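Have a look at these structures, which come just after this line.
The following pair of complexes shares a single chain, subunit A, combined with subunit B in the former and subunit C in the latter.
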Partner chain A sequence: MNLSLYQDKDTWLHNIDPRTKLVGVAIIFIICLCFNNPIYMAVVALCVFFIALSARAQKALWTLRYILLLLVIFSVLLWPFFTVGKTPLWSWRFLRLTKESLFYGIAMGIRLSTFVIAGLILLSTTKNEDITNGLIKMKIPYPLAFAFSTALRLVPTFVGAGATIVQAQVSRGLDLESRNIISRFGKFIPLAVPMFISAIRYTNLLSMALESRGFSPGSPRTLYYEPVMKRRDWLILSFMIIVLIACLYMRIFLNLGVVMSGRL
Partner chain B sequence: MGVSISIKSLSFTYHNSKQPAIKDINGEIKDGEFVVIMGHGGAGKSTLCYATNGIVPRFYRGGEYRGNVYIADRSVREFSISEMAKTVGLVFQDFEAQLFSTNVELEIAFGLENIGLPRDEISRRIDRYIDFLDLKGKRLSDTSILSGGQKQRLAIGAVIAMEPSVVVMDEPTSDLDPLGRAGVLSLAGLLRERKRTLVMVDYDPDTPVGADQLWLMKDGEIIGQGRPEKYLSDEKLLLSCGVMPPQTVSLFNRMGWEGSPLTVEAAKDLIEKGNLVKRRNQRKQKDSYFNSNNFFIEARGVYFRYPNSGNDVLRDINFGIKKGEFIAILGQNGSGKTTIAKHLNRLLAPTSGDILIDGKPTTRYRHNELARLVGYVFQNPDYQIFASTVQEEVGFGLKTLGEDHKTIKRNVAEALAVTGLEGYEHRSPFVLTKGERQRVAVASVLSVKPEVIILDEPTTGLDYQHQRDSLEMLKDLNRKGHTVIIITHSMWIAEEYAHRCIVMKDGKVLDDGETRSVFAHEQRLSQASLIPSPIVRLSNWLGADAMTVEGLAEELKSYESLTVSG
Partner chain C sequence: MRYAIKMWSNTRMIVLVAVSAAIYAAALIAFKTAIPLIPGVTEVRVAGIFLMTFGILFGPAGAWGLAIGNLIGDIFGGTLGPASIAGFFGNFLLGYLPYTMWLNFFPFSEKSYEWNVKNPKSWSAYISITIISSCSCAVLIGLAVDILGIVPYEVVSRIIALNNIVGNLIGVVLLIAVYELTKNQLGLLWTDIMGIRQDGLSMRGIMGSWLVAIGSIAGMLAGFIPGLSVNLVSWSSVIFIVVGSLIL
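Let's look at the complex of A and B:
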């Protein structure tokens, strides 16, 4: 079973330079931080969502649907109680809910899931090696770039091992079906210990295999997929920078898209 | 011819270990030679392989290294591993951990990028080696969709694309199915034709036939080194190294026949030339023997597909299993063996159809109820071992099922006795050998006393002696009334131990019947890319019934006495 997020397709996002995508994701992150009005956030989220569709990343989104859902639900439920606005809606003892804080919570939910979606677009359209190469070309030291992309690469491997470990323990009678959260927590050790041990074994073997293939972090190497910035990349980047400046201008000088001022 | 590898009184002791892993190893391998290393688990085979490119000692700090290894006159100690990679290509047993790129061409490119080849040369090499690996058309495929055999071939290809003069493979076929193994071996044959020096650790007595040298290892030392024919006919020596002797040699020894044929063909030749025994017409094997209705486990029209996937992994599976059977499930990886086995304790549930245990569908049981009926031992014991003592590990299932202290103690003691682990109660399972850890895993399932025990490739990575020991243990359990189901790639294991075989192919049952009858149909087996072991091929050719060396020898002797008295 293939657990990796990368989708081997041929869309415009697959074909642009990884650096454009890395910078683009960073710009989307900053734009998300510009607004805390749910309507403005929704517009940003919708744009990012359409980009995801154009990159045919639906499958990756669908895989992570529960995480996205949880992010929205928890933000909407929790944020409002930790921020204070002007228009009271409801209060009970020390808990107070205001209109602004409710909106703020919704905006945060949208913001967090937009972060995740933007990251997903990057991961589902960019090969691991391209991320490494992009980072190297951006003058990130090779060991750092390699460590970053290897960490991403190992996630699906460990998820797979985790699934096997769960099955192995369940078939020995470990009861994960009971609803009791506390007793569930005690069942953590039989899963965690084999997980750690197999991860350590795996990484040790991986590093032996890497060095046996001539890998040495300090020395110069060829990039077989050398990323090349084309006209298209510069156009996309310029467009995104203009959008970013516009958003910053709206927030800083026009104070638009804000339900709670003084907060990101 | 120049000397490719030269090892001079090499010893290595791992940190915190009293015994050296390898002791006073000497050897010389000429350019273009093919050397096979065999030996029992823990004999030091891997350590020796790792010493050829410097993983030993560089990866094992605090170890004690003496002697020297020279590759083409360069002392391995003086170079870094990545430097050595240009002259020595090392292939590991675990093909999953060796592949780390997104697609096939990047995997091959990785080593070439590291040695800084220009991009057009990398591209040329990929073109050249992708053909050689028989992976054409997969150039841009994700490596995770490849079969085990293809993955291992890719791992080898990624190493040889760097064009090292020496290739060292540490048990490259141990984790593969027969088809994958055949692919890797044919790749090794191609390498030999191209005059690469090739060193391979392997377990099958077939591999060294035709090699230039065989090195036999025992307890860290080389106790036999030279022409393979010389050592392969020495049954005692091989057994003392935990290596399975060629079955044809064992048969000839037992019959007191002249000669030591290493292959079935050679044995047939000798038998015909010497007119040693007459061939007969094979007795017709009864094809089906189970038409009963008191099945303990029953599969009825089972289909299965993974969610979000378009194709059925299992298609219309039907069978019944009675209490007390010993069954082997055979087939290539991806044929659905493990998938169907996982249905039997509802690690998976059918997409349509039913699995009945004791007449009730698995979906109507809770997992912990099923754990008492059907135990499942996973292939890799390290996916379940977590406790600090063997006793705690083995008692875990009982504890979670809520048994009282006394029962736990009694059952654990029994399980340890059956698996031969008495006296291990207070040891840490993590420091045991692979064979022992495998036993702990079996014991931890046995302690719950399930009616049925399923083992997924219980002998992978074990040497011949340990394989025998585990199977004798299973045979014993079976005799005591447990139903045993094993998934295996080893034909001789199925032949010798299973009463019944289920052969899977492409998610369907290709054949299901008494072991003897399944193995009599070599043609049908070949549809699932399976080949009976040498002794059964010989037995089929002779028209005999037996499936083991001992059995065949006895049977042939009984013919002789018949002809003498008649």
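Let's look at the complex of A and C:
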């Protein structure tokens, strides 16, 4: 079962170092937090969208189109009623809508979608193993990175096993779609027990296999694939850091891109 | 906190982290669209039934497993973002508090690390810690997603808390079903793997537990305390929870 969002293509984003992509995505997240004006956020979102297109991540974006749309709608509907602005637009009993809070809601919808698209760029252009290698190279402790990569490898196996158990029980008459939420919740217990037991049996076998091969959590490691930072990686990172500094300057010193002061 | 660090030198605990992370992530992914609450934002988390079970059975490995599992759920679900960092720490608490508060949340606590279905003390510890750990996670994630502008604190904290409490309460059936097998047949109870003697009740532990408890309950009441802003209450609650967790 393939759950990964990775798409094997030959684009500039696929070929850069995973560390550049991890740091780059973190920078995009921080840039998104610099503004809460929908116009500024739309510019950031558009740039991120073009990066996604250049990485040929349209397929992954299309898969998540409903989630993206719902995130925007939800944010635009919800935020205006939990933030207070100065210019009233409409009110009814305890509900108040202001121009600033409406704009803030729109900006947050765009920000949330930009977060998802930026994350998607990373996931659709980087293999899971490369993410792990990048994390190790960024000095994440090896045992943690090992647990992370092992879990990534086991997830499709367990999802497959879970799906088989669900299908087997449904074919025996288990109804997972009727009655109230609590009782539907409870119906998953008979499915969780065999899933848990079949999965947990891996632990002893895997531990023995690792120990018999001399696995030692604290020892220094070498990697078969050693990611190397090239000149273009440093150029990309330098450019992104300059953009980040410019955005921070605009927000902190010029107070640009803000409709709701006091909030990120 | 010492066991959460010390466990990384034990191979079986590291493997348990990976396996519990994979189980949790698999359940998150498989049932992501089963019962949506707010489509695209949150759903009834069927995976919630594993939270206390992992914490009690696997201790620190369960805590790290839940944290990593939630992150992997975000990766495979395509929702990786800055909120995933808050999700990591929030889910860590869901596994961390059950085993650290189990002996220390006086007067609701148990006297040994073991779960005994016939002992009312086990039940009082289970139920009280379920409420506290669920609320702690909700306060931490709620504040982070509010700051990030994803969902308002007042909405998301209550949804997460309720979701986790319901999952944990139903999950007791899972714990009862798998406890004996995991402990006696597979030998995977965390205290047995790490060779930990039964720690006694300590003042430090009690203080940590109550700091977390006060923080999480106050965080849930944010917005209902007259004269105190939601921001002030949520920030103070997070400080209480973090300090209490570090002391534990």
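The working rule: the second predicted complex is superposed on the first by the 184 of 264 C-alpha atoms of A that agree within 3 Å, B and C clash if a C-alpha of one lies under 4 Å from a C-alpha of the other, contacts with A are read in each partner's own complex, and residues count from 1 in each chain.
Just so it is clear, a residue touches a chain if its C-beta (ideal position, glycine included) is under 8 Å from a C-beta of that chain, and two chains touch if they have at least 3 such contacts.
Predicted model only: the values in this text are computed from it and were never measured.
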Touched partner set for A:193, first subunit B, second subunit C, both or neither: both
Touching partner for A:103 - first (subunit B), second (subunit C), both, neither: neither
First, second, both or neither for A:82, with subunit B first and subunit C second: second
Touching partner for A:174 - first (subunit B), second (subunit C), both, neither: first
Partner chain(s) touched by A:120 [first = subunit B, second = subunit C, both, neither]: second
Contacts of A:111 with subunit B and subunit C, given as first, second, both or neither: second
Touched partner set for A:220, first subunit B, second subunit C, both or neither: first
Which of subunit B and subunit C A:40 touches, first, second, both or neither: neither
If touched residues of subunit A are counted for subunit B and for subunit C, the larger one: C
Touched partner set for A:159, first subunit B, second subunit C, both or neither: second
Intersection of the subunit A residues that touch subunit B with those that touch subunit C: 3-4, 128, 150, 157, 161, 176, 189, 192-193, 197, 201-202, 206-207, 210-211, 215
Residues of subunit C that touch subunit A when the two form their complex: 8-12, 14-19, 21-23, 25-27, 29-31, 34-35, 38-41, 44, 46, 49-50, 53, 64-65, 68-69, 71-72, 74-76, 78-84, 147-152, 154-155, 166-167, 170-171, 173-174, 177-178, 181-182, 186-188
Residue ranges of subunit A in contact with subunit B within the complex: 1-4, 6, 8, 127-129, 150, 153, 157, 161, 164-165, 167-177, 187, 189-194, 197-198, 201-202, 205-216, 219-226
Subunit B - residues contacting subunit A, complex: 50, 53, 55, 59, 80-82, 85-86, 89-90, 92, 94, 96-98, 100-103, 105-106, 109-119, 122-123, 140, 142, 144-145, 158-159, 162, 306, 342, 345, 347, 366-368, 371-372, 374-376, 378, 380, 382-387, 396-398, 400-401, 430, 444-445, 448
Parts of subunit A lying in touch with subunit C, wherever the complex brings them together: 3-5, 29, 33, 36, 60, 63-64, 66-67, 69-71, 74-75, 78-79, 82-83, 104, 107-108, 111-112, 115-116, 118-120, 122-123, 128, 141, 143-144, 146-148, 150-152, 154-155, 157-159, 161-163, 166, 176, 181-182, 184-186, 188-189, 192-193, 195-197, 199-204, 206-207, 210-211, 215, 217-218, 263-264
